[in-house]
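To keep things simple, chains are lettered A, B, C and D as they appear, and every chain counts its residues starting from 1.
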Amino acid sequence: MPDDKPNSLRARLYRQLDPQARKRGLSLTNVALAVFIVFASVVAILATEPTLYDQNARLFIVAEWVFGGVFIVEYLARLWVAPERPDEPRSWRARLRFMLSFSGLIDLLTIIATLTPGAPAGPLLRAFRLLRVLRLAKLGRMSSAWKHIGEAISSRRPELFLSLFFGVGLMVISATLLYLVEGDAQPDKFGSIPRALWWAVATLTTIGYGDIYPVTPLGKLLASVTAVTSIGLIALPTGILAAAFSDAMARHRERVAAGEED
Amino acid sequence: MPDDKPNSLRARLYRQLDPQARKRGLSLTNVALAVFIVFASVVAILATEPTLYDQNARLFIVAEWVFGGVFIVEYLARLWVAPERPDEPRSWRARLRFMLSFSGLIDLLTIIATLTPGAPAGPLLRAFRLLRVLRLAKLGRMSSAWKHIGEAISSRRPELFLSLFFGVGLMVISATLLYLVEGDAQPDKFGSIPRALWWAVATLTTIGYGDIYPVTPLGKLLASVTAVTSIGLIALPTGILAAAFSDAMARHRERVAAGEED
Amino acid sequence: MPDDKPNSLRARLYRQLDPQARKRGLSLTNVALAVFIVFASVVAILATEPTLYDQNARLFIVAEWVFGGVFIVEYLARLWVAPERPDEPRSWRARLRFMLSFSGLIDLLTIIATLTPGAPAGPLLRAFRLLRVLRLAKLGRMSSAWKHIGEAISSRRPELFLSLFFGVGLMVISATLLYLVEGDAQPDKFGSIPRALWWAVATLTTIGYGDIYPVTPLGKLLASVTAVTSIGLIALPTGILAAAFSDAMARHRERVAAGEED
Amino acid sequence: MPDDKPNSLRARLYRQLDPQARKRGLSLTNVALAVFIVFASVVAILATEPTLYDQNARLFIVAEWVFGGVFIVEYLARLWVAPERPDEPRSWRARLRFMLSFSGLIDLLTIIATLTPGAPAGPLLRAFRLLRVLRLAKLGRMSSAWKHIGEAISSRRPELFLSLFFGVGLMVISATLLYLVEGDAQPDKFGSIPRALWWAVATLTTIGYGDIYPVTPLGKLLASVTAVTSIGLIALPTGILAAAFSDAMARHRERVAAGEED
């Protein structure tokens, strides 16, 4: 049976916990939770550093138990207030729906990853404990700007996908050419297309680690042409996204003018 | 004589093979073909890696024969259904046109490159076999987003060309200055303009391999100015493309509003 | 008591000193001041270079006293003309307001940092003297383009913040994966997530120092995927900002058309 | 006295030489000249490479004499047809105007630089001969897209200038912080602000040569923050330029709609 009284403890807690219960901004509870999640994620990241962990093992273990406790309380609270959501009046279905929702599953996974034993026993357990870093994903529910960005991107999916295809094609072509030209001069670096691809990725994304680069004049000439096209490779998706965001804003303003939106 | 029955085997196969027969999306056959082409391209790339090829030579040779078989079947099927295209009713002309079309020639070249003998005999044969990587180009016919991107780019060709000219000019000027300033300190790296150009390309595209950089204070100062202008060099074509895509969308919406397009 | 005569010395000095007293452009005094501030900042930067300071210590000390003198004269002049501002007629309140304003405090801090003794005695004093570099901030009052840029950026704050969140999330995910894959091969470079994060930052911002990069095939594959997504990471905020600036201009033109602005 | 006959040799030559005499595209003569200029520039660049010059000195010297001859003939031809320009009927004034115009001076400088003796005698002569590379600038007159790009950029000059100021300010702040933090660990690399600035330039422009980077944890943390802001530094001018180009196109379309332009 849903609780109708708007000022009951559960209703007030709901308004504190669900960001969608507010028109804009975050409740104090959610701001505190967001800070806590960031803190817990940073601790989980630092715990993998041996020079830190070995000296403060006890501290890290205690911290994980504290994080686990807080996340369990948060999970139970969200479970309890789930029936306050206006779209689902029946208590048990609202709670089940929360448990099976994306953020509900993330919450549960976070708790399990937090409560696995402290000492890394095997590679599987170690990988599982790394899921602790995933607690950062709990922040996802805090923002509604996802929707705007997601819409703008998905409206131009064919063009963005084609940019990716262009990019990968350019990488394969550059790698093939450099493999032909530099393969004999540097067999350990350009001796096969997969090896040359590592160079092509670093070059066309303009990262340029410097562990691999052509040394022959013809190789440098081809690499220069590749390098210059890399600018176009970056300009293409950027231009497409810029136009998509521009378009989304223009449509928004038109709808505001037509009184369909505020 | 064209086949008029819309549900004949040839008509149905045509609708499966030609992406233009559908308003949007790809047929199941084309999705399967696209996956197969990507797989065959990856195998062709991996086959150039000696550590992989030497241990699995037999597997790679068998794979190429399978790819050759599939591509021949695909080619014959496309040849057979060619007369179904609405724009060319005469069978033999439709088939000749397919054979001479860009994608038809790519298909043929792919088959020939696939069926050259497995062992790399000479540099020419080796280069020819590299055309196997070209099978990736067979994916080109799958998308119609080409057209939108191509139009947006070609509408701003003079500006984009001028950006390129600016960029190359900037590279030449930077290289000349660094050659003058650093030539004596690092003769093997900045001892001529072509050598300094290799530095200018890596710097102005922001790749920065790190194999060559100025060491004198004046060289570093000039390189810093060059580095800062590199941001403008990237911003210019990006801005031009962003505006071109924006403009293409605005015109599209205008035509929709005027009822000329949907 | 404010000075009403528009051609009094104080009124004329005010028009020379306050950039807001003019519709556009800078007065001769402000141009001279801007050049002087840039010069003083460059001297403060060069003074930290031992090879320069040790040979010219006396020159640098004299220069700082000259800078201090000029900045004190400028400060007193600004204090004197403060009551000329149209929004505050009472002399002492106008002067107090200037002293407590952001640029007034920067001016004061600049003077104090300039006049601390020349020899670097302790780390605190050394850090304090570094505030001399801050004199560059005195240039801030010279431009009113701040407002346009600030508005465009702040109008899209949620989207930009989310881009940052995406970026940081991507860095954490990439670092975690590379830590798992490369941790055993290069324990000193990928032996913990914080160490792997240093790689992720250099890769996703496309800087690529080259001090740390994967060496295993799986590590290189994952790094390549990370590298390609880095293009999206740069395209996203650029696209958002481009649209924001576009939108700001469109709104400006609309208001001009409606006669609300010029 | 101007030549009125539109089909006189001089009038026809004028239409071949002056790109502004045609609505769009380049005359055959100008296309040939452009190719020749590019070729002559490439030769001038290659001539600085000792391994090429020493073996082919005679060839390079002959080439320069040929270039000089062609450029002299071109210069005299342009001088002769100058009075055909519709805006200046008097022969001698039209010719003087051409000689003093920007492209006329570039032409003259190019000829002088070409005809200096072949052997590099002193540093001044060497520097002067490098002006040969400047012949690339002769291409400038070929395109009229300059105007569109120049207008779009100059309309947003205050914002672009402020971006530059932000960028330089950010570089100075990052360099100062890294100097404080890394100065003791790597005195030869971060031992002064000018040295740290070299790092800041390479980082904020995302070049990342890799000759200098922080090694302490705090230094890496600060460098990571710097690296992330570098994305904003690139996004800002790109966004401003994209909006400027967008705006220029929108205004162009409005004027076309109003019948003021075609």
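Just so we're on the same page, contacts are C-beta pairs under 8 Å (C-beta built on N, C-alpha and C of every residue); 3 or more make two chains touch, one makes a residue touch a chain.
Keep in mind it's a predicted model, so treat the numbers as computed, not measured.
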item: Chain copies touching (chain C, chain D) - same or different residues, decided at half shared; value: different
item: Most distant chain from chain C, judged by the mean position of its C-alpha atoms; value: B
item: Rotation in the CA alignment of chain B with chain D, degrees, nearest 5; value: 90
item: Chain A and chain C, separation of their C-alpha mean positions in angstrom; value: 29
item: Two or more partner chains touched - positions in chain C; value: 194, 197, 202, 206-210, 234, 238-240, 242-244, 246, 250
item: Chain D to chain B touching residues, read off their complex; value: 41, 45-46, 48-50, 127, 130, 133, 136-137, 139, 143-146, 148-149, 152, 164, 167-168, 194, 197-198, 201-202, 205-211, 233-234, 237-246, 248-250, 253
item: Touching residues on chain A, where the partner in the complex is chain B; value: 158-159, 161-163, 165, 169, 172-173, 176, 179-180, 191-195, 197, 202-203, 206-210, 213, 217, 220, 223-224, 227-228, 230-232, 234-236, 238-240, 242-244, 246-247, 250
item: Touching residues (chain side chain A, partner chain D) in the complex; value: 206-210, 238-239, 242, 246
